[in-house]
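Structures incoming, each one as C-alpha cells.
In the two complexes that follow, chain A is the common piece, with chain B as its partner first and chain C second.
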Partner chain A sequence: MQADISDAEKLYIAQGVAQGVRNDGRGCHDARPLELELGVVAQANGSARLHVGATDVMVGVKVSLVSPDAAEPAKGQVFATVECSSCASPEFKGRGGEDWGIDMAAALQSALQSSLDLGSLVVLAGKTVWAVHLDCLVLNDGGGVLGALSVAARAALAVTRLPKVEVTMGEGDDDEPEIELGDDSEGTPMGVTRVPVIVSVAQIGSRCVVDPSAEEEPCASAVLHFAVGPGGRLGAATKTGAGGIPQPALLEMLEAAQQLGPKVLRELDGFLAASAAAASARAA
Partner chain B sequence: MSVTVRAYEHGAGTALIRDALKPLSRGAHASAYVAVGDVIDTDDSDVFLKGHGTQVIGDRLVATQCGAVTRTDKLISVRPPRERYVARAGDVVVGRIVEIAGKRWKVDLQSQQQGSLLLSAVHLPGGVQRRRNAEDELAMRSVFREGDLVSAEVQQVYHDGGVHLHTRSLKFGKLEQGQLVVVHPGLVKRQRSHFISFEPLGVDAILGLNGLIWVGPHLPRGEDGAPAAAGGGGGAAAAAPEREVRERAVRVAAAVRALAALHLQVFPSSITEAYQLSLEKGVAIKDVPQPAFLKLLAEHEAARRHNVMAAEAGGF
Partner chain C sequence: MAAAPATAGSSKPASVPLQPLPRPATLVADGTRLDGRGLEEFRTVFLDTRVISRAAGSAYAEFNSTKVMAAVYGPRQGERRFGFSDTGRLNVEACFTSFARREGGRQAQRAAEKELASCLAAALEPSVDLGKLPKSVLDVYVMVLEAGGSEAAVAATAASLALADAGVELFDLVAACSVSDVSGQLLLDPSAAEAAQQRGGLLLAAMPSLGEVTQLQMSGDWAPGAARDALELALGGCAQLRAGMRDTLLAAEAARQQQRRRDGGDGGGGGGGGGAAAMQE
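Presenting the complex of A and B:
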C-alpha cells in the first residue's frame, strides 16, 4: 500500500529529514528496534524470523552433505535463495518479486562466501563437504529488507549446528568410506563472527538517514547498502535508486554505516548469547 | 545513533492491555460473543429478524461468523471483531486515489471495494464553476492524481456495496503537510467531529472512520473551514512547519500508533492522554509505540477505567 505515496507526503518527509525529525520520531542515525525469533522452523538446522517495524523476514538454514566443486575440493558450499511473498509489497504482485529476490540472494551469497570459514565445512577432503542452504522468505516489506535479511541470516547461522559426523574408512583402498550422521543436538556451531550485517543508508535531500522505512524509501534519491563486519570493516556496497551522491555525502553515509554496523553486531551477539544461555538453563 | 535487538513477542500489545484490564473485568456475557455454529439466544421470542452473520436452522438462530452479537431492535446480527471498514452515508473517511476512470476517481478506502469520487462531487480549486466538457475530464489530474490522499465524506452507499464520496465542503479535499497513520477501522468510532484540532499543540488530525488517520501541523482555516493557505488545494509547495510543531505532530502520530497497538479506541481525548503521559514520563517520540511505554499506557488506561467505575458506583 505504501508503494506510491503522494508528492505531498514525500515533501513532508523530506522537510522532516532536513529538520532532523522523521515520521516515526527517529533521528537521522537511529535504526528501528530489531525483534528476533529463533528456531521458528522445526525441520531446519537453524532458523530465525526478524521483525523490523512492518518488515518481516524469515531465514531457514539447511545443511546437507555433497561432493565438493571440482575446482575447489577443500571448500564447503553456501547457497542463498530469497523468495518474496507476492503479498509483501505491491511491487511483488504476480512474479514481480522474482528479479528482486535474485538480486538480494546474490548479495547475501557473496557476503557469506567471503565471510564464512568454508574450509571448516569439509568432512572428507576432496570427497564430501557440507553445503549450507539459506532459504530466505520476505513476508512483508516495510523498508530495509536487505538489512533485515542479513541480520536474520546471521542469527540463523549462529544457531545452526552442523550434525556430528562419523567417518569409517573402508578396509581396501577402493572401498567408499562410510559416513554416519549424528544427532543435531550434539553438533558443532559454525563460525559466524565474520559474517557481516547490511546497513542501508538513504539520501533524502541533502541529508542521509539510516534504516529507511517503506515510506522513506521512495523519497530517497539513492540508497546505499553497506555490508559491515566486526570493527566496522566494510565488505561490500550496492546502490539502489537513480540519484547521484556527492562525495561529502558519500563519506557521511559510509561513516554512519560503519558506526551502526558494529553496534548491530554487538547487540545481536548479546541477544544470541543471552538466548543460548536461557536455552541451556531450561535444558538443565 | 541507537539500535536494539530483542525477542519478538507475538501479540505483545494484546497481552499488555488484557493483563492491565483483567482486574476490572466483571466477566464477559456468555451470549455476547459467538463462534460459528453457536446458537444465539433470541430471548425465547419467535419475533426476530436474522441479520448479517446469522442463519436460521430448524427453529434456532445460529451464528455463521465469529463475533459479537449486536441487537438493533428485533434485528440480530453478528459483527466480526476484525472486519473491514463498512461505509455508511455521512462518514468522514481518508482515502488514497488509486486510479482515474472517466469522470471519477477510484479511491482506496481499505474497505471491501474501492470508493468512487465523481468529478461532479468535488470542489474545484478556487471554487470555480465546473464546465461540463471533455477538457474538464482531461484536467482531472490537476485536481487529484494517483497516490494523493484525500479526506471526503461518504455521500451514498449503494446496495451492491459501492461507495460514493464527495468533497463538496471546503474542509474536505487533498491532504498536504502531514503524515498518515493506519489503524484498525474498529478503533475509530463515529463522533461529533472527525476534524480535530489539538489547540495548544498546533496539531490537526483527521480521524477517518475507515481507520486512516491524518496527522499534521495546524493549518489556519477561514470561516468556511477552508485552509487559508492552500486555497482549496492549489498545489503550491507548502512551507515546512517549525521544528517544534513538527515534533509535536510526530508525537501525536506516535500516540495514535501506541493506542492502536493496545487496541484502544482512538478518540481526541485518548490521544491527548497518551500524548501527555508520554511527555510526563519523558519518553522519546520513537519509543512511544514501544513495549516499555505501552505497559505504562495500559496501566494508565486501567487506572482511568477504575476511576470511572468507582465514580459510577458512588453515584448510585
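Presenting the complex of A and C:
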C-alpha cells in the first residue's frame, strides 16, 4: 500500500538508498525487529499479535471439523482471510482494502497449503477432517504487511493445539461414527516447521532493500515477495509494482531473501521455544 | 456403469465419465522428455501476427497444444470514473474457451481468468511506454483456445507480440517462459502433463534486450540452489523466445512491404485491390 508522501520525500529516500542509508537507520539487508505477543484472543485455538516497526497485525487460528473436499478426501483444509481495518490506512476506507486483502489471503493460503502436513489433519478418512481457519487483521499498515502476517501466522499456528478427538465406531455398517471432542489443553500441536515466512525485497533505484517500510514502498519500482522456509528453501514468489527488475538485481534479491528468511525463522522459533518453556515453568 | 445403447425413447444420454489427465510414472528418461524434447528445449513454437483484422494489433501463439490468441485495441479515451491520469492505463482481460481446460467448473475458470489477467498486466506493463499515452487506455484481450501447459507464459508472449503489431511504443518485447522442477530435474516450457507432476514451478517474463525482468511467479517448493538455476534457465529461454518473436515481426513487415510494392507496381485502382492482386499472382 502507498503512504502519502511527496516527490521530494521520495527522492530523498531513493538517494539515501543509493548510498546504502535508509531513513530509519537500517542497512539495506536489515529487517525491522519483531515484537510478538502470543495467545491474545481467548476464543481462538491459537493467536498472535505482531508489531514490526509501525505495522501491527493480529492472527487468530480456529479449527473445526468438516467433511473433506470430494476431490481430496485424505487432506485437511486451510483457509486464510485478511481483513484490513479502515483505521489502518486511508486507502482501506469503505471497500478499499478488500482486493488487497484477498490477494494477501491467497498468498498466505497457498504458502500454508504447500507447507502444512494436510494429511495429518485427517480425523476419519474420507469423512471428517480438520479445517484450519486463519483470520488475519491488519490494524496498522506501516509497510511489509504481508511479511508480518506470515510471521504472525506461523506463530499463531505454532501455539495452536488440535483438540483431542475420540471416535467411536457405530455397531452396524450404516451407523455414523460418533466423534467426541476433548479439551483444548490436551490437544496435539500442528507441525509448523516447514511453514515459510514471506520476505519482501524492494527495488529502489538500482539497489534492493529488504522489509520496506511504508515510506519506502511507494519509492520502489517493483517489490518481490518470496516465501522462504527453513534452510532457505523457497516456496511461492510474487511480484508487485509496475517496474522491471534488472536481471543481476533479481538474483541479488533472491539471495537477500534466502539469507533473511532463515534468520527470521530462527528468531521466531527461539522466541516460541522460550515462551513455551516459560509457560510450562508457570504451570509446574 | 453399463453402457446402455442410446435409443430414441431415452430421455437423457448416459453421462460420460471425465477422463483424468494421464499421469505417466516417468516423464524424463535419459535426458529426453515424453514428447521427445530435451530438458531445456521449447515445444514447437509457431507465432503469427495480424490474425484479427479489426484489432489494432493481434497475434497468435502456438506451443504444441497450448494455443493463445491476443488482440490489442486502442488507445482510446479513458473512462471518467478513473479520473485524470498523466500516464496511460493497460486494461488486460483474459479468458479461457470453455473447452480449453480439462478440469474445473465455471467458477474455477473465472478465478483462473482473473488471475491470468492480473499476471499478464504485471508482465506487460513495464514494457509499454505509458507516459506517451496520457488519459488513454489500451485494451489487451487474450483468449486461451487450448491450455496444454505454460499458458500464462504463452499468453504473455502473444500479448506482447500483439502490442508490437499494434505499433504501441514499447521499451522491449516481453518474452515469457515457465520452468518446472520435476523430481529434481528442471524442465523448460513444461506441458500440462509435466506441470501436473511438478514439485515447484515458476513463470518468468523478461525484456531480454533491456535485461529486465517484468514478472516472476513461483509456486510449490524449491531447494535453495534449484531456484537460482531455474531462474537462469528461464532467462535463457526468454532470450531465445525473443529472437523468434523478432523474426516473426520482421518477416510479417517484410511481407507487407512486398505486398505494397506489388500493389504499387500494378498501378491499379488503388484501395481494395490487395486481395485480388494476391489472387492473380
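Note that in this section the second predicted complex is superposed on the first by the 282 of 284 C-alpha atoms of A that agree within 3 Å, B and C clash if a C-alpha of one lies under 4 Å from a C-alpha of the other, contacts with A are read in each partner's own complex, and residues count from 1 in each chain.
Going forward, contacts are C-beta pairs under 8 Å (C-beta built on N, C-alpha and C of every residue); 3 or more make two chains touch, one makes a residue touch a chain.
Values in this document were obtained by computation on a predicted structure and should not be read as measured data.
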When chain B and chain C are modelled together on chain A, clash or fit: fit
Chain B versus chain C as contact partner of A:A31, first or second or both or neither: first
Touching partner for A:S114 - first (chain B), second (chain C), both, neither: second
Partner chain in contact with A:A237 - chain B first, chain C second, else both or neither: second
Chain B versus chain C as contact partner of A:Q43, first or second or both or neither: neither
Chain B, chain C and vertex chain A (Cα centres) - angle in steps of 10°: 110
Touching partner for A:G16 - first (chain B), second (chain C), both, neither: first
In the superposition, chain B vs chain C on chain A residues touched: B
Three-chain overlay, closest Cα atoms of chain B and chain C, distance in Å: 15
Chain C-touching residues of chain A, taken from the complex the two chains share: 110, 114-115, 222, 224, 226, 229, 231-240, 242-247, 250-251, 254, 258
Partner chain B, residues of chain A touching it in the complex: 1, 4-9, 11-13, 15-16, 18-27, 29-37, 49-51, 210, 256, 259-260, 263-264, 267-268, 270-271, 275
Contact set on chain B toward chain A in their complex: 1-9, 96, 108, 145-149, 174-180, 182, 216, 237-238, 240-241, 243, 246-247, 250-251, 253-254, 284-288, 290
Of all residues in chain C, those that touch chain A in their complex: 122, 125-127, 200, 202, 206-207, 210-224, 227-228, 231, 235
